[in-house]
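Across the two complexes that follow, subunit A remains constant while its partner is subunit B and subsequently subunit C.
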Partner chain A sequence: MNEITCKCGHVNPEGTELCLSCGRTLSKDAENRKTADVMRYEGMARRSQTYNLSIIDKIWNFFSSVKVGVWLIVTTLIASSLGTIFPQALFIPQGTENVYYEERYGIAGKIYYVLGFHDLYSSWWYLLLIGAIGTSIIIASLDRVIPLYKALKHQRINRHESFMKRQRVFSDYSVESPEKTIAQIRERLEKKRYRIREEKDHLLAEKGRFSRWGPYINHIGLIIFLIGGMLRFVPGMYVDENMWIREGETMAIPGTGQEYFLKSDGFTVETYEQGEDPEVFNNTIEREGAIAKNYQTDAHLYQREQGSIAGQQGELVEVQNGAIQVNQPLKFDQFALYQVDFRQDEYLSMSFNMTNKASEESVGSFTIRFDEPQKVYELENGYSVELTEYFPDFSGFEDGEPQSVSPIPNNPAFLVRLFSPEKPDGEVAFIGIQRNVEPLGENDYALEFAGVETRDVSGLTVRKDLTLWILGLGGAVFMIGVVQGAYWNHRRLWLKKTADGRLLAAGHTNKNWFGLRKDLEYVFDSTGLEKPVDHQEENLNRNTSADAKEENNRDSTS
Partner chain B sequence: MSKRKKKRLLIRVSILTVLIAAVVYTLYSTLTDDDRMLVKAGDAAPDFELTDLDGNAHRLSDYKGQGVFLNFWGTWCKPCEKEMPYMENQYQVYKDEGVQILAVNVGESEFQVNNFANEYNLSFPVVRDAQKDVMYAYAIGPLPTTLLINPEGEVVKVVKGEMTEEMVAEYMEMIKP
Partner chain C sequence: MTQLVSISSTLLYAAFVLYLIATVFFAGSIKSKKHTNQTGKNKWATIAITITITGFISQLGYFITRWIASGHAPLSNLFEFITFFGMMLVAAFIIIYFIYRTHVLGVFALPIALLIIAYSSMFPRDVSPLIPALQSDWLAIHVSTVAAGEAILAISFVAGLIYLLKDVDLAKKGKQTFWLEAVLFSLVLVVGFIVSTTAGSIAGYESEFAYVNSEEEAATAQYALPALVIPHQGELLTEGQFATSLSMPAIVNASRLNTVLWSILTGTILYLVLRLVTRKSISALLQPLVKRVNLNLMDEVGYRSILIGFPVFTLGGLVFAMIWAQIAWTRFWGWDPKEVWALITWLFYAAFLHLRLSKGWEGNRSAWLAVIGFAIIMFNLIAVNLIIAGLHSYA
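Let's look at the complex of A and B:
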């Protein structure tokens, strides 16, 4: 490694811009850069710039670059916004992703799907981008915070005249007694709560150094946030499952390791009635019709005995019961059950009368429950109905065979055999909604529809998220970093008594130069000296006053 | 100086390794998300106990020492219907060689399951998982899904979707003791 030896004799590592000892500028390059840029990292060599050897160092340097970091963020932003062009896979019918986009949006949809924009947060390249941003944040921060910390920790009190002259706020005073002036300034600085260190002929006062750590605290928050996001993939940390439960049913709750069961007592929808709260709702009810007030599932929560295995009925112990409403989940053991969906009026049972076609007299009635159909329904006086087959979701015939497309009784149909004293061998009929077929010839008896019972189905989400507090912590740390960096500033004032008896004063702050000027105004007030000049401000004033003069001239000529 | 450089390289390598590991883990978890919860080949098969149509309880762990061909199905599911006769045929071949079939119906009524079993003359135990308890324990997605469990009680293979008769035979060969 090449080292740079300063005129003062101090040996600095390669890449250093300002001598660590006296503050002299060490390279032509640094000389030409703006002081604000050089001072950002106290003129220290950023670690990544110091050498460039192995492949590891090259990777390191790549991620250390702020330019690379910004490009990664911009790319991710563009990708994220492209992901909003068409709906995400979450919002389209499940399992239709491979055809949905192309059918709806043509070639653009196909590209969208093939490149993984349809499920952006799970597409490998998007995750790689996020991973690269995380890596960039960590490496870029490490490469800057460590040298910065070292520079500020070991910062010298005496600085070379050239260092001071380069500062934006600088003045060169001739005073009778520099020692006395320094003492006066010191007193005022203490009142402003600057931390002051003095060394022969030199003084360094500083305040708010901790604000320099703001960006790095902020980055730590981001990293905690990313870790929280990553932990969702660790088994046991995050559960997001759906379940459908019918009124009266007891079902295992998915995601709970078969430990918990839920029984639904019923599902209710309530709407606001006309006149119930006339000022708020009447107009809307007139315009839109009913307005939902409440969606609610009343449920019992059971826990299975310890040591039971799946399927074993065992003992279910009631743990809780109560209502599950929208945004009012049923909470238990880190889980929460949310009311998210419902289906109303699913068929539960149908009742029939068996009637004699000729006399139109009923010989008996019975009810088929779809959740537990029976083989035979005995009626009185030697009549009975045998259920031969049941099709919950009848969809039509295929090769003469009735078909059912799902196990849900959306369109129940039955093949039955009707027994009567006259027809001890039975008559075959195919019964469904608006359907009564007698496939083996005319029957003497028929089933007459006598009524239907329905029940509601609740759609619930089972949610467990042990990463929430980590995300919260990450967010809080992030904000602390923002506040720390934004509402405090690192102000410094250097004083130097030169060999020939002049007094040099230089000031620097990482932001809020106005605040520094105010401080200096107060501090120099008691000395009878003008506060050190902010040269940038001065240039600005000079330019604006020149502009103003020009304006005036123009005004007068017109 | 070279010592310091070495130390720096070591630190860099370890930080990069940790970061790469984190990214790879996340990528792997995301890309295998659908299968993450599912019982996979190599896992111990979760124990369960279900009752068949004659009222006999069948506990998976009671079949240790035999290969278990664990099939999840529904009466309305066409592929399930298609593969049942194949399973019945091969059961006749392999039952004497120590392969047991357990056909788990997911959430349907006794009537339907009974009807189905009678229609296809199924001689292997057909059990009902009325509360979908076992289905969740195995995180079964679409039906049919078949798990091949070896005599040691370890899952050898998870078969999603329909099987041909050759496949059924081949799989039974795989798990026979």
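Let's look at the complex of A and C:
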């Protein structure tokens, strides 16, 4: 290690920019840089600025650079915006991705799809970007926080004149009695709640040092949040299931391992009505038509009792009942059930009369329940109907065969065999809504549609997310960190009585120079001295007071 | 209750007029010969800030009475949200004013608040009932915090604009001169939108088209301004009204595009007239107002408002947003366009803070970044609602 020995005799570790003891600059480089840049980490040696040999050094230095961090943030920002040009795959009908984009958006849509932007946020490169940001946050923070902590903990009160002269806020005073002035200043500083330390001829006043930890705390928050996001993929942490439950139905809640069951008492939709709801809504209701007021499933929650013998099924015990509404999920155990969707008026059952075509007389009637269709419906007097085949969602014929596209009774159709004393072998018919085909020739008997019963179906989402508290913790830590770093700042004032009896005053803050100036104004008020000069401010003021015309003239001649 | 709604509207109107008057007084205060650095106590400025606060109280009255009348926080549609944003902008201005006492800020912040409030009133202003997804206390908590955060961030745009007006050398034709004028031009376009929409509604213009929408279903579209473009396979149903034969593809909302075209047309004409009459660019017209501005102070005001606004925005736009999304939509994050744009806004200001802190991007660069940040906020506020439809498009 190449240690650096300062003029004052203090030995500093390699890479140090400002002597840890007196604050003199230790290298030409540090001397030429802006004071604010050198002061940011108190002139401490940082790993990334000191070593650059091994591959690990190189990786470390890459990720610890704020420039790289900003590039990562900006790249992520631009990438994220690309994903909002057209809807993401998750918002369009499932399975239509390959045609949807081109059909709607033409060639631009096709390019979008081919580049994979339709599923951008779960693409490998997007996740890689997030991962790189995470890495960068960790490394950049470690690279800085450790030296910064050491520097601030071991701050010296006594600083060399050259250190003070370099500060943005600095004045050199000749006063009769520096000791008296320092005492006056000290009194005011205390009123402003500065923490004061004194040493022979020197004073250091400090306030809001804790705000320097703000960025590191907020970065820890971000990392906790990202870890929470990753835990999502650990089995058991996360459940995302959907269930469709019909009025009157009881079913196992998916994702709960057959432990919990739900029974629906029915689904309700309400809309706002003129006359019923507050009059002030009338205009909007008129303009917009029906506006939804409530989506609600009334439900009972059951838990299966633990059987006394392993594997034995216990009784269902009701543990809760109530309404599941949007914004009011039903919570149990670690789960929550959300009202997300509905289907109204799904067919529950259909009734038919079996009639003699010639006499037009009914010989009996029966009802098919779509949730439990029976094989045979026995009617009186030797008549019966056999349900040979059931097509819940009939979509047409293919090669002469009837097809069903889903198990949901959207368009029920049946192949039936009608038995009667005259035709003991039965007559074949294909019946459905507005449909009656007799494929094997004219029948004597027919089924006549006699009525239908419907019910509503609730679409619920079952959610368990054990990562939420980690995410919440991350969010809270982040908020504490940003507030700490943004609403407070680290202000310092150094006073020094020189050997020849002058008084030097230098001030520094990590941000909010306006606030520091106001403090100093108050603090120096009682001394009869002007507050130390903010040199940056002064330069600009000189500019400001110059007449604008003069400025223009100067510009046009230069 | 309907009476309360009309009281509420009157209060909003009063606030608008008061902000207008306050702007005049702020302009007077910076002309005052006595106060060269435009800060500190000044009779004009005292009157101006008093009127501003009165206006703010009046607008607060609008907000509270409307809340009582409708039974829910008036933050549920574009009109209400943007109006509230305008109110928060004034509040943010008042706070920053009392920290820094820079009068010139009022000369720019209040007109922008006025423009925003006028803009919002172009949308349907009826009190509307809440759809189930919005029936939650989180509506008030989340939306108001987002608006407050964005408004504080917007003050950095105001400070940035003032900074640039003074800092950019308009005598030189360059990128900065061009873009500064472009920013001001876009403000004129908003005026164009307000003027054309208001003209249309005063004239009672209405026309209706039958067209085929992107789901290939028959639909009808209402136009409040003469149709420069017509919807996909559109057919004019209202006899005697104007319509070109320029038909748009089905995915374009032609009625909105038509309004945009009218705004651009009107705004451009306004701009050209202004230039012809004054023989100056808008930047040059405004420059005398900022002649005596302290650049360093403006830079600090801009930075400070971002420092104050960033945590508020994070809390409202991400933290509260996620909590509510978890309750209402079952997941705290779903890559809905509005969510993504909140993330983009947040990342952008994070980049700003890093550049400022570590790369020393101060002054001119910082001011430009503040302008871009405001553009992103406006994009999220307006364009994402109107163009990119998602769960949030409550317009």
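Some observations on this one:
Methods note: the second predicted complex is superposed on the first by the 502 of 558 C-alpha atoms of A that agree within 3 Å, B and C clash if a C-alpha of one lies under 4 Å from a C-alpha of the other, contacts with A are read in each partner's own complex, and residues count from 1 in each chain.
FYI, contacts are C-beta pairs under 8 Å (C-beta built on N, C-alpha and C of every residue); 3 or more make two chains touch, one makes a residue touch a chain.
All values reported here derive from a predicted model rather than from experimental measurement.
Look at A:Leu127: by the touch rule set out above, it reaches subunit B but stays clear of subunit C.
Contact with neither subunit B nor subunit C is seen for A:Met237 once the two complexes are overlaid on the shared chain.
Once the two complexes are overlaid on the shared chain, A:Val428 sits clear of subunit B and of subunit C alike.
Applying the stated contact rule after C-alpha superposition, one finds that A:Val66 touches subunit C and leaves subunit B untouched.
Here subunit B and subunit C are compared by how many residues of subunit A each touches, and C touches more.
Applying the stated contact rule after C-alpha superposition, one finds that A:Tyr487 touches subunit C and leaves subunit B untouched.
Judged by the touch definition given at the top, the superposed model places A:Trp513 against subunit C, while subunit B stays out of reach. When the shared chain is aligned, no partner comes close enough to touch A:Leu466: not subunit B, not subunit C.
No residue of subunit A lies in contact with both subunit B in one complex and subunit C in the other. The touching residues of subunit A, counted against subunit B in their complex, run 1, 54, 56-57, 59-60, 122, 124, 127-128, 131, 134-135, 138-139, 142, 230, 233-235, 250-252, 254-255, 257-258, 261, 309-312, 370-375, 387-390, 392-393, 404-407. Within the complex, the subunit A residues that touch subunit C are 34, 36-37, 40, 66-67, 69-70, 73-74, 76-77, 80-81, 83-84, 88, 90-91, 104-105, 121, 240, 272, 277-281, 283-285, 287-288, 291-295, 325-327, 329, 336, 338, 340, 461, 463, 465, 468, 471, 475, 478-479, 482-483, 486-487, 511-514, 536-537, 540-541, 543-545, 548, 552, 555-556. In the complex of the two chains, the subunit C residues touching subunit A come out as 1-2, 5, 36-37, 69-71, 99-100, 124, 126-129, 131-133, 135-136, 169, 171, 214, 250-251, 288, 291-297, 300, 303-304, 307-308, 310-311, 314-315, 318-319, 322, 326-328, 330-332, 334-335, 337, 340-341, 343-344, 347-348, 350-351, 354-355, 357-360, 384, 388, 390. Against subunit A, in their complex, subunit B makes its touches with residues 1, 5, 9, 12-13, 15-16, 19, 22-23, 25-27, 29-31, 33, 36, 46-50, 59, 74-76, 107-112, 114-115, 127, 129, 131-134, 136-137.
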